[in-house]
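Below is one structure, written out as structure tokens, with a few remarks after it.
Chain naming follows the written order as A, B and C, and within any one chain the residues start at number 1.
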């Protein structure tokens, strides 16, 4: 795979943003965070969809299977409310779940707000794609990414995805090979 | 909903307490803890039942659907023994699980006893009711409640339940609205 | 049960070690760790098998049901790669999962490497047998065992297994009876 073929899906899940009631800031915040740290060339597959489980599942499958994204990062829909279904959609399309991601992100967020226990953020693997749920709150997004991204390139290596290189002055990556 | 309509279920799960072999102390300890901290008027729905999965499920459903409790707190039946089935019953009646509660309570209990890893305590949502499992040990009950209660009123707001107000000099609540 | 009837299963899951491409070091490291700390007499049931889910399930069932091991410790196959299926096999043969073990081991390993979030290590109970997954990396094995073993004898007591006694100068055990 040529480096320029690296694709990363950024999926904002929000009823109001998808209806245009406000502008999505989470998705662009994730893209900016990645642009600053990834030295490999990559293309973003970005979309904004409502909090509907079947829509989320379809979009995750499209990004993973059709667009061949090695990584899909969602934001939003991770709370306890009735329409928060992103983790459920994620689990439905993944063959394996990685409980350590959710545990670690809740632990980090808990340092800022006790309501971090309410987050159902999950991560899992669909074939050669790692899917990670982030919360919708833009401030929490960078806290969570800082906490878990050092393990992401190694995970993508292990599932046979593209090799992601990072600016080591900004983030220290750990990998086995 | 009038404030006086706020109902909270307190469900002690214990073979021996339900047979009257000893007096339940966990349930009254939870009620006392809540009475001291909640400034909203509320009524306790309290019962003591044996460690039988179908009985626990029926009682959780009754408290949630019939009694309209916005919160049900169980105690007991969270360990690894054959008859410890409270978390299994909880999961069976909930539409969504909130893994952060169990993680946080085990983390707090681990500071006191390494056997905290054995606890299967869970929490989940059944429609407009938050269900939280506490251990049976009365000392662990207040440790666990102190750890997670700051997020409980916000969770109940988010699922459309009653608005719980607390004495902020005793416990600091975080909520979004 | 006579003390000499205590059996502990040590199951190394590794394609390459099972084909003889290298010598298994994880299994012997676990046995050595236990030999040094357990003062009860016990016999090890040790085997090395490939990363195949049905083989792992069959071997876990044999160790639990036929060999009457009170404890089975696996190593390997806990990562995100396609052939890493040990936690899945463990969950398939267990009646109850104990999420606290995985959480605690990931938390301890995270102090050494951020890739600890990738581990899917689990633990669960099959009737009177506690099954615990350890990672394949020999260095991580003792970190994980130090972290969770203080709760293991109590867990085995609670599920009706053999009574394990340890050298308290080397490891401090907590138990209820």
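As a working rule, a residue touches a chain if its C-beta (ideal position, glycine included) is under 8 Å from a C-beta of that chain, and two chains touch if they have at least 3 such contacts.
Because the structure is predicted, anything quoted here is derived from the model rather than measured.
Of all residue numbers seen at the subunit A-subunit B contact, under half occur in both copies; the interface is built from largely non-matching residues. The rotation relating subunit B to subunit C, fitted on Cα atoms, comes to 120°, given as a multiple of 5.
Computed centre separation for the pair subunit A/subunit B is 32 angstrom, with centres defined by C-alpha atoms. Residue positions 99, 103, 107 of subunit B are each in touch with at least two other chains. Residues 96-101, 103-104, 107, 125, 130, 148, 150-151, 154-155, 158-160, 174-176 of subunit B are the ones touching subunit A in the complex. Those residues of subunit B that touch subunit C in the complex are listed here as 79-82, 88, 99, 102-103, 106-107, 110, 113-120.
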